[in-house]
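This is the structure I want to talk about, given as structure tokens.
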Amino acid sequence: MRPTANRRTSDLATTIFCWTAAVLTMLAVLAVMGFLLYRGAGTLGPNLFFGETHWWEAVRGVRPVFDGLWSALAGTALLVLLSCLLAVPTGIAGGIYLSEYGSRRFRAVAGFAVDLMAGIPSIVMGLFGFSLIVVLRHTFVPRAKTGLLLAAVCIALLVLPYLVRTTQNALAGLPSHLRLLGPSLGFTPWQNIRHVLLPSAGRGILSGVILAMGRAAEDTAVILLTGAVAQAFLPRSLYDKFEALPFRIYYMAAEHRTAAELDQAFGTALVLLMLTGTLFGLAFAAQRTMEKRWKG
Amino acid sequence: GSLKSFADLQGTLDIAGGTAHIPVMNEAAKRIMTANPKIRITVTGGGTGIGVQKAGEGLVDIGNTGRALSAEEVARFGLRSFAFAVDGVAPVVHSDNPVAGLSVQQVRDIFAGRITHWQAVGGPDAAIHVYGREEASGTHEVFWKKLLNKETVVGSANIIQSNGAMKVAVSRDIYAIGYMSIGHIDDSVKPLAVDGVLPSQATAIDGTYPAVRQLYMNTKGDPKPLARAFIDYILSAEGAGIIRAAGYIPLQ
Amino acid sequence: MERMKRIPEPMLEIADLSVRFAGKQVLESVNLDLYPGELVMAIGPSGSGKTTLLRAVNRLNEAYPHCNTRGQVRIRLADRWWDIYAPSTPLAELRLRVGMVFQHPNPLPFSIYKNVALPLRISLGMNPKETLLRVQRALEAVQLWSEVKDRLHDSALTLSGGQQQRLCLARVLALEPALLLLDEPTASLDFKATRHIEALFQTLKQRYPILAVTHNPGQMRRLADRVMVLQDGRCVAAMSRPEIEDPEHSRRVMEAFF
Amino acid sequence: MERMKRIPEPMLEIADLSVRFAGKQVLESVNLDLYPGELVMAIGPSGSGKTTLLRAVNRLNEAYPHCNTRGQVRIRLADRWWDIYAPSTPLAELRLRVGMVFQHPNPLPFSIYKNVALPLRISLGMNPKETLLRVQRALEAVQLWSEVKDRLHDSALTLSGGQQQRLCLARVLALEPALLLLDEPTASLDFKATRHIEALFQTLKQRYPILAVTHNPGQMRRLADRVMVLQDGRCVAAMSRPEIEDPEHSRRVMEAFF
Amino acid sequence: MPHLLRAAALACTAAAGGILLVLIYLVLPLFTSGGWGSVIAWQWLPFQGRFGILPMVVGTLLIALGALAVATPLAVGVACFVQVLAPGRIKGICLALVHYMTSIPTVIYGFVSIFLLVPLIRQWFDRGTGFSLATATIVLSLLILPTIVLVLQATLRELDRSARVTCAALGFSRPAYIRHVLLPLCRRGLLAAVVLGFGRAVGDTLISLMLAGNAPMVPASPLDATRTLTAHIALVVATDSQSTFYHSVFAAGLILFLVMVLIQLILRRLGGTFTP
């Protein structure tokens, strides 16, 4: 009834290792969040968002906001929305195709392309976007400018491979009997995907979408080169330059002139954290309801 | 030349480039937009290199530089420059650092990595933390040409991306030394006297402090109406007030 | 199994079928005709290729890696012959008409109800009301209705082994296929339930010819119209109804090949 | 099942065991003593709680959500009694000594060899040479060795249904447990293989008492020393060896409860 | 529907190809002008015409591999903890937190570290400015941790579903189950996770830009400043757009790209042996 001493030690080591890893990670995250809360919570208030400007005028875009993060907040929201609109359908569709349809050859080529794209650092993607505009200006579109649309396209390209790969992996990870069963009941491949595989893989795919949205909201390197500026106010068209929360934080972290401005930076970071947290919470809730629906 | 000239204008004006200029640009933008909300002015930094490049490629309407354009840059992009202020570049240390001044040679030795300890220049018993700017910076170019005599900054120097950031970095590191636009200096950092001359706008303008430059706005070709109005405003009397308040000396 | 001359046309024709997995011969030159109204049973030792034979009929072997199939499988639907391995054959439709119950029950990780209803909704495009009716009828046919009617929305994975097996059978019956493939459909059932399901098969075979696998000699005697004996992937013997009923003869066959 | 007075102490004692899943009573007040050298069989209609009873012995019901167990299960190992549901009981060790074969074969997605070898290596800390020997012996015992000896390093998932079932049995036997729980261990086997495995159980029960589930009345008659009949989670009847052997009596019991 | 899917897949492929082509097009001037010799070198002294970016390559690899070395074991521990060892309540909290970590922006890690970690490093080791290889590595590992954990845990969950009851019945203790069943079976998932993590680490700009000190040299100790290729691009892209100086930026971009190609190729080769 007693295990060998050897085995007991390895078991104990494994247990301690796992616990330590978990506790360390949790402590690190809590430290980051706690520090932000401690430094930033005090600044939360209408002033942080709208500065001296009246909030209603600011929201309508009638009057610019100085010393407030409203424009950055709006810019980031637009950016996430636009880029997800572009990337999410394409990425999921591409992932499904690669996992369920494509020929071996196509799958290999496309899979490789997607992996490569996943490897493109965001700054290179920004560089690509920036150079693209320069090239376009010299050739077909002399009026092309960096701005919201360009940034959204680049960010969409950045998150696309994540979406493709998580979709593909989630589908590939399903047990083989699920894959056998649909066909044996006469489903077409698409029906099998739509009604059996996708619902089963839904969790995995949605967590891919979460990852993607998070990245879109937080990426700084791409927008650094494709249209984010330190002071811009609400964009009026897709081609306008814009402010974004992460860029504002990056900028203020280095450039704050007074202690008050530094506090503002902490407040901004806290807001960004809450924003991404909310996005994340929404996605999480969606995931839950979806799961309930397909299981019923 | 005054805010009234913006009354009939509308549209967007994009400004980028030199980081020394940012306080001036921001303040002017704020006043103009408050007077006429139909005008939108976007301001961002990036450094002198960005100013040349973006204005040159036509990606922004006004590109700022912290140095004069080279003949090649002017020829290639067809840029026009508008100088608006005089500024100096000064070595700075943490305000608690007991060292108050260095000789030019000491400055060169420190930035070249030949002097690595504060004690060698009469400071505390600690290693010197050198902070520098990226090569495309106008501030860097002026400091490198006029004080360092084109000697390369030591490779281990931490590279900082703007004047504002240099101030923050030096003010947070008690053993730091860096260099920045005089206009940006405030209580949080301490400028070092060089060969006995304390860098200030006064010593810069009277020629006793050597590392001096002008700040420019640049446009590709002749400025468009909104850019024209903006440049005129900066060069006006009201603009001079803004420039002075930001710590620079307006060019009349 | 040599072809028998009968007046009606067969429903299913397997000719010279060979299957290899990763180079290993699992089925070799198997022939079989299945006529309407008939229940044919494949028996043979474990690993002799019975399951592979069934899977070959609706091309499910292809779901495994390194599978190589040769030979012909044809099926007659609405008086037309379809070559199952022809590239032009609409595979999904075909599989829909060929109902298969697997050796080990494989309910989907959905609710009990949805397991049966989903194929109806999707493959047949049935409306919800009709679906409910059809689900109930199918569950009643396999005698599962009374056991699960109060928990239709529980996960099917919480059912007991025998319940799962009946659920999978109900799922296939609900689709009213043209042909049934049954891989040991009563292996997890108690003898009473087995009898009931067997009686069900007796009625069903009038409507759909059935190709079944069994390990139970008693079941074979009770149900089979013909028997084919597989050994190492080859069809080594066949028995007709009179031979099956002759205990002496069938005993000899079993002794010889198991 | 009322306790029988025998001289040897029992190996396993189940007292007043009740199990609920999500509020639904699946087992109710089940009692059973299992003595050394004995093979007890649980029979009952599908869904009557047989599998749940076996799983209660090594606390596997807990792996499913909303499970609630009451009552006592005690096991005697090396002359010490262990209360299986006591928090202090070393669960992993205990499960190691209680070998269980599932109703549906569940090979791990490793190679055939590793499926049997891994528990030996990990749980018993056996060295590689000894392991190889033990694996071979176990596979021989279930008559799988000759079929798989050339492909020991293929994935176990490519085995046929019956082969998988024997593999899972071999995996448990290799561990030489103190007690065997068998959930329809021959459901996917042909009659010849079944006979062989049954003979194996006859020898095994001398070493490990066995608690088995079967659906096959013939198997029950051939193997069982005692039988408990479950219906709706309750133990509704018991039969001793003479009763089992009496065809009239056992037929009556079966008719009554199925 | 399949046609739409196919179109999307083609779009993804085309995008990747397009980006590669544009990058190559932009680097071409370096080949024609023979600038490569000056780019593949160890010294970055642009005013003396030396545009070597090898120090940045080394800096990138050091930081990324360092972060991976810290994050991978942690992630394996966390994933196994969550999937197998954690008591119900804690499992939920821990998993939620890891999910939440994916939504913490890079720039926030950088920003907070400037005020939290940099001064600590400066004080503890009493050497260097605190902006160093070590600082960036630590923070970067925190950044890539959730990516690795989540990808890994997705694999673990599927495995666990099919193997847990079986292994429990075979008497595996939970830690033994982790070591001998889950971990060997999730090699593929782990590999995928690590590659994703490495990609993120190599590709991250903000953390190294804000924390590594950006000195264009090979660090002699973990406390020295260093510069990554990504930070290099961010720093140097601010120059006029037609000199070798500027083209070296694209060389850096291309090198980053090629590193990824190489990794992918190695992985594919490995991949073949991992099919179960």
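A, B, C, D and E are the chain letters, set down in written order, and residue numbers restart from 1 in every chain.
Please note the rule applied: contacts are C-beta pairs under 8 Å (C-beta built on N, C-alpha and C of every residue); 3 or more make two chains touch, one makes a residue touch a chain.
Listed by chain with UniProt protein names: A, E = ABC transporter permease subunit; C, D = ATP-binding cassette domain-containing protein.
Everything numeric in this text was worked out from a predicted model, so none of it was measured.
Undergrad: Quick one: how many steps at least from chain A to chain C, stepping chain to touching chain?
TA: Contact-graph shortest path, chain A to chain C, evaluates to 1.
Undergrad: Using the touch definition from the top, how many steps at minimum link chain A to chain E?
TA: So the least number of steps between the two chains is 1.
Undergrad: What chains do chain A and chain D have as common neighbours?
TA: Shared contacts of chain A and chain D: C, E.
Undergrad: What pair of chains is linked by the largest number of C-beta pairs in contact?
TA: By number of C-beta pairs in contact, the leading chain pair is A-E.
Undergrad: Using mean CA coordinates as chain centres, what's the chain B-chain D distance in Å?
TA: 83
Undergrad: Round to the nearest whole Å and give the separation of the Cα centres of chain C and chain E.
TA: 52
Undergrad: So, what's the distance in Å between the C-alpha centres of chain B and chain A?
TA: Computed value for the inter-centroid distance: 36 Å.
Undergrad: Return the residues of chain E touching two or more other chains; collapse runs of consecutive numbers into ranges.
TA: Where chain E meets two or more other chains at a single residue, that happens at 162, 173-174, 176, 179, 237, 241.
Undergrad: For chain D, jot down the residues that touch at least 2 other chains.
TA: If we look for residues of chain D contacting two or more partner chains, we find 92-94, 97, 122-123.
Undergrad: Could you say which residues in chain B touch two or more other chains, in rising order?
TA: In chain B, 57, 160-161 touch at least two other chains.
Undergrad: Which part of chain A faces chain B closely enough to touch in the complex?
TA: Checking each residue of chain A against chain B gives 62-64, 66, 133-134, 137, 145-146, 228-233, 236, 240-241, 251, 254-257.
Undergrad: In the complex, go through chain E and note every residue touching chain A.
TA: Touching chain A: residues 1-2, 4-13, 15-17, 19-20, 22-23, 26, 73-78, 80-82, 84-86, 94, 97-112, 114-116, 142, 145, 147, 150-151, 154-155, 158, 162, 173-176, 178-179, 192, 196, 199, 202-206, 210, 229-230, 233-234, 237, 241, 249-250, 253, 256-257, 259-261, 263-264, 267-268 of chain E.
Undergrad: Using the touch definition from the top, list the residues of chain E that touch chain D in their complex.
TA: Where chain E meets chain D, its residues are 159, 162-174, 176, 179-181, 184-185, 276.
Undergrad: Write out the stretch or stretches of chain D touching chain C in their complex.
TA: 21-22, 24, 43-47, 50-52, 64, 103-105, 147, 158-163, 166, 183-184, 187-194, 215-217, 254, 258
Undergrad: Note which residues of chain E are touching chain B in the complex, please.
TA: On the chain E side, the touching residues are 44-48, 119, 122, 127-131, 213-217, 224-225, 227, 235-242, 245.
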